[in-house]
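Single-structure report; data block below.
In this document, chain identifiers A, B, C and D correspond to the written order of the chains, with residue numbering beginning at 1 in each.
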Amino acid sequence: MNCSVDLAGVTLKNPVMTASGTFGSGQEFSEFVDLNQLGAVVTKGVANIPWAGNSTPRVAEVYGGMLNAVGLQNPGIDLFIERDIPFLKKYDTKIIVNVCGKTTEDYLEVVERLADQPVDMLEINISCPNVKEGGIAFGQDPKAVEAITKAVKAKAKQPVIMKLSPNVTDITEMARAAEAGGADVLSLINTLTGMKIDIERQCFVLANRTGGMSGPAIHPIAVRMVYQTAQAVKIPIIGMGGIMTAEDAIEMILAGATAVSVGTANFTNPSVTMEIADGIKNYMECHQVADIRELVGAVHDRF
Amino acid sequence: MNCSVDLAGVTLKNPVMTASGTFGSGQEFSEFVDLNQLGAVVTKGVANIPWAGNSTPRVAEVYGGMLNAVGLQNPGIDLFIERDIPFLKKYDTKIIVNVCGKTTEDYLEVVERLADQPVDMLEINISCPNVKEGGIAFGQDPKAVEAITKAVKAKAKQPVIMKLSPNVTDITEMARAAEAGGADVLSLINTLTGMKIDIERQCFVLANRTGGMSGPAIHPIAVRMVYQTAQAVKIPIIGMGGIMTAEDAIEMILAGATAVSVGTANFTNPSVTMEIADGIKNYMECHQVADIRELVGAVHDRF
Amino acid sequence: MAEKAKETAIIIDQKELLPGIFDMWLRTEKIAKEAKAGQFVSVYCHDGSRILPRPISICEIDKEDGAIRLVYRVAGKGTEEFSKMRTGMHLQLVGPLGNGFPKKEKKAFLIGGGIGIPPMLELAKELNCEKQIILGFRDEMFLMDDLKKQGSVYVATEDGSAGTEGNVLDAIRENGLDADIIYACGPLPMLRAIKEYAAEKQIECWISMEERMACGIGACLACVCKSKERDEHSNVKNKRICKEGPVFRAEEVEF
Amino acid sequence: MAEKAKETAIIIDQKELLPGIFDMWLRTEKIAKEAKAGQFVSVYCHDGSRILPRPISICEIDKEDGAIRLVYRVAGKGTEEFSKMRTGMHLQLVGPLGNGFPKKEKKAFLIGGGIGIPPMLELAKELNCEKQIILGFRDEMFLMDDLKKQGSVYVATEDGSAGTEGNVLDAIRENGLDADIIYACGPLPMLRAIKEYAAEKQIECWISMEERMACGIGACLACVCKSKERDEHSNVKNKRICKEGPVFRAEEVEF
C-alpha cells in the first residue's frame, strides 16, 4: 500500500501536513505527536524581522469553528533559522516554511535567507486576513498574485507553494494566476473573514474586530474550492479547511487535493494529525486502495 | 418599548422576518408559528413561469449547517398570486415576495405582475448559487448588480430589496452598486457555495454537486459582511445567515442590520421565529433598551 | 394560533434488536394521539453540530399509553447519538408528519424490505383485512414475533438463511400468494420491482418513499420525487415526500 | 515518541458550591501525578459545536487517589455543559499545563479574588511557610472551610456582608498584615492593585494571568500578554500565558 505523495518533486511519506500557524514550529506539539509520522510540518508564518502581532483577545470560538486574529506574530527569520529549523531537522519529516511579509521585498528577504537552509518547500502566505499591510492584499487580485509568485519564484531555491485566500469571488482565477506566475503547488484555503460581537457588552470580541474563521464550519467551502481549483490548474493542491478526521481528509483528497493540512483540529485534539494519518491508512485498507494517488480527485456523480 | 422598525417606509412590528426559501409561503409553518407575530414573511423565490428545480438529493447536512441545491423550484407567478398572496393577506404581517429569474426580462415580468398586488416589498434574488443561468451571475459583478437594480426599480411599484451573495471578494462593492442602482434596502447574506462528498461511495452528495451553505456555521461571516456593508451604504440592511437564537439576531442588529431574516433555524425548530421575536424583547427589557433602533449598528471597540 | 410545536418525548425503553438496529419506545402524548400507520416523526439531535432533524417512521403506536415505537438502523452520526440514549432521557420530536397509508378492506400484501419493515407493523395492526406480510432481509431477521401476531408472514433472505432465497417477489411466487392491494416500504430497487409487478397484475399498489429532508413539513422543497402528472401544489411534476407522501400510489411517482 | 495525549477523566463527584459555582473531582491518574499548584488543564466539550478547550485551574490535587479538583463558574455554554455532568461520566482533559507557582519558604500572602480563589487552595497545601490567605468575594463565600485548614484567612467583600468591606488590599490594611512574598490570582483590576502595592512595598509578587486560548500548549500564540522585556521565545515583548505563564513575576508583565 502506498501512502506517499509527491509535491513538486518532494516526496511526503503520507499526505498529512500541519496547517501553518496552528502548530508553531512543531516543538510544543512534539509532546503529543510523533513528528516522524507526518508527511510534513508547515511552520507558523515567518517574516524578515520579528512581528509583535495584534492585541488580545486574538481568538474567539464560534459555532463549529473559531476566529483568530493573531496578526502573524513571529520571531523573525534569524531566530527561526537558528532555533526552529534545527529542531525540525531532528525528525524524519519534510519541512515547509510559511513565509509572510508586508511588502514584496519582505517576502523576498525571507525567501533568500532560506535559500541555503535545509528546508524542503516554501509556502507563501498571501492570504492572511488579519494584518493591515501585505497578507490578503496580495491574494485578492489575480495580477498581484501572479506578480508576487513570479518574484518569489525568481529567488526561491525550494519549490514554492502559494497559499490562497477563500475571500474571493472566483478561486480559480487566483489559482490560475499563481500557476501562471510559476507556482509549483497551491495551498487552499486560508481563513474566511468573520466577526463576533459580544452582545452583553455590545463590543467586538476580537481586538482586531474581524478574524479569520477556521474549523469544521468552513470545511464544505474548502472542499468546493479545492474541487474547483483542481479542475482549473495542473499543479498539485494542498487542501485544508476544517479537516477534523481522516474522513474529512479523504473528502478533500477525493475533491482533488494531493495532500492535506490540519489546522484548528489540533486545538480540539493535540494528537489528531497522527490519528488522521492512521485513519487514511485504514480507509485505504477497507476500500482496497493500493495507492493513495488513485484517490486524488476521484469523486464522481451518482449516476 | 418600541420593537418596530422601518424599511423604506414599510413599518414592521418587529425586526424578525423569515428567510426566503426556508418558509415556503408561510402556509406549512403557520401550524407552528403565529404569523401575526412576525415582522414580515418573505416567500420562496418565484419566477415568471413554474420551475421544476434540481434533481435530488437537494440537501445535505454539514457540520453546524446544511447545503441546499433546491434550484428555485417554484409554482410560477400565476399560481402564487392566486394562492399564496391571499393566504398571507389573512395575517397581520408584511408580505415580501422574493423574485428570481433567468434573464432580466424574467425578473421584470414577475415585478410587473406584482405591481397591483397587496405585497409590501420585493426582494430580488441575484445571489442563488444553485441555478445555471441568472441567480448569482447577476450578483457577482458590480455593473450587473447596478444594471438589474435599475431595471427592477424602473418597473417596481413596491420598495425593492436587493439580496446579495457572500461569494464575492468585496461585499461593499456589490452593496454600493445596488445602492447606486436605486435599491431601497439590502438583504445579506445568501448562501456560501459549498460541497460535500460521500467518501464511501466516492460521489457528490448533492445531485447538483455544489450547494448553498447556510446555518450557524456561516453566522460569523454574515455578521462581518453586514458590518462592512453598514459602514459602506446609507440604505437599511436585512441581516441573515445562521441566526438560530435571539442572541444571534441581536448580534446581527448590533453589526448594523435594521431587521433580520431567519432561515435554516426553522428546520431545527419550526417555532423558532416566534421565539426569536420574544427573545429580542427580553433582551431589550434586560438591557433597558427603549427602542430597538438604538441597537442598530451599536457595536463598539472594547476600550 | 400556532397549534403545533416541537414535543419533548421521554425514552421509556430502548434495546438493540440486532447489531446496529435499535428499538425505542417514546412517551409523547400528542404525537401518539394523532399518529397513524405510515406517518413519520422528525427526531432532533442534541449535538449542536447536527442541525437537521432525522425522519423516522412510526413502527407502532400505543394510544392508551401515549407512546410511539421507532425502530431504526444506525446509519450515521445522528442515529448513533439516538442509539446511545437510555430510559428517562429526552428527545425532541415534531410529528406526526406525512400522509400515512390509506386503509382499504381488501386482501393485502404488506411488503417490507430491510429497515422499511418497521412501518408495516403499525399498518398491519390498523388494517382490517386479510393480511399477508412479506418481508425481505439481507440475513438476520427482526420484528418477526410482533409481525407474526398480525397475519401470515413470509420471508425472503438474500443468502437463503431463512425463508425463500431471493427477494420479496420470489417469496410471493414461491408461496403462490395473491392479493388485491399492495402496501410496501423498502429500498428503491425493491419498490421498483413491486411497482412493475403490481402494474403487470393490475393490483392497486401503495409505496412509501424516502428522500433527504430539511424541514419535514413541506416548506423547503428538499424532499421531492418526480410525479407522473403535474402536482397541484408545486405546479410542476414534483411531489413533496414529506407532505404529499411519504406514501404514494405507485403509478403516481417516477423513480 | 509522543508521550502526552488527551486523557479521559472520570467524574468522581460534582456539586454546586454556590449558585453557578461548581466543584468537581475528576479521576485522571497521569495529570494528578504530574500536576502542581498554579497549573491548569484544558477541558474539552462533548458538544460538537464547541471545538476549543476550556482552561480551568487546578484547585486541589489528590496524588494518592489520582484525582484533581476543579472549581469553576458557569460563564457560558461550555462550563454549563460541564455543570450538567454527573458522577461516572467522562471528560477529556489535556494537562497539566502552564508553569505553576514557584514555591518559596517566605512569609506569604496568598491572595485570591472571585473565581481566582480555587488555585490558592492547592498552593496553600504545597507551600511550606507562614500563610496568610486573603480572599475577595463579591458577596457569598465559597471554599472557606478548605482554606481555613491551610492558614489564617482574611476576607473582603464588596458589600461588606463578611470581613472587610472593600477589596483584598483593604483587608490587608485593616488587619495590619505584612509578608515577604505575594501569590495572587483574580480579576485584572485586583491584580493591577496588587502589582502596585507590591512595587511600593518592594515585595516579591507572583500573579496568575488569564487570556482567551486556543491550543493551550504554546503553539498558536493566541494567549499572549505584553511583557516588559523581549521574551526569549517569541523574540518580541509578548509572553504566552499558557506556556511561560499563567504565573508571572508581576513586574515582568504589563496589563
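We adopt the following convention: a residue touches a chain if its C-beta (ideal position, glycine included) is under 8 Å from a C-beta of that chain, and two chains touch if they have at least 3 such contacts.
None of these values were measured; they are calculated from a predicted model.
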Longest centre-to-centre distance from subunit C, chain (CA-based): D
Computed distance of Cα centres, subunit D from subunit B, in Å: 46
Distance between the centres, which are taken as Cα means, of subunit B and subunit A, whole angstrom: 33
Separation of subunit B from subunit C, taking each centre as the mean of its C-alpha atoms, in whole Å: 35
Subunit A: positions in contact with at least two other chains: 63-65, 216
Set of subunit D residues in contact with two or more other chains: 48-50
Overall pattern in which the protein chains touch one another (line/ring/star/complete/other): complete
Subunit B - residues contacting subunit C, complex: 21-24, 27-36, 44, 50-53, 56-61, 63-66, 68, 70, 73-76, 79, 215-216, 264, 266-271, 274
Contacting residues of subunit C [partner subunit B, same complex]: 1-6, 44, 48-53, 94, 211-225, 233-238, 243
Subunit C partner contacts - residues on subunit D that touch it in the complex: 46-50
Interfacial residue positions of subunit B with respect to subunit A in the complex: 62-65, 67, 140, 167-170, 192-197, 199, 201-204, 207, 209-210, 213, 216-221, 223-224, 227, 242, 244, 247, 250-251, 254-255, 283, 298-302
Of all residues in subunit A, those that touch subunit C in their complex: 63-64, 216
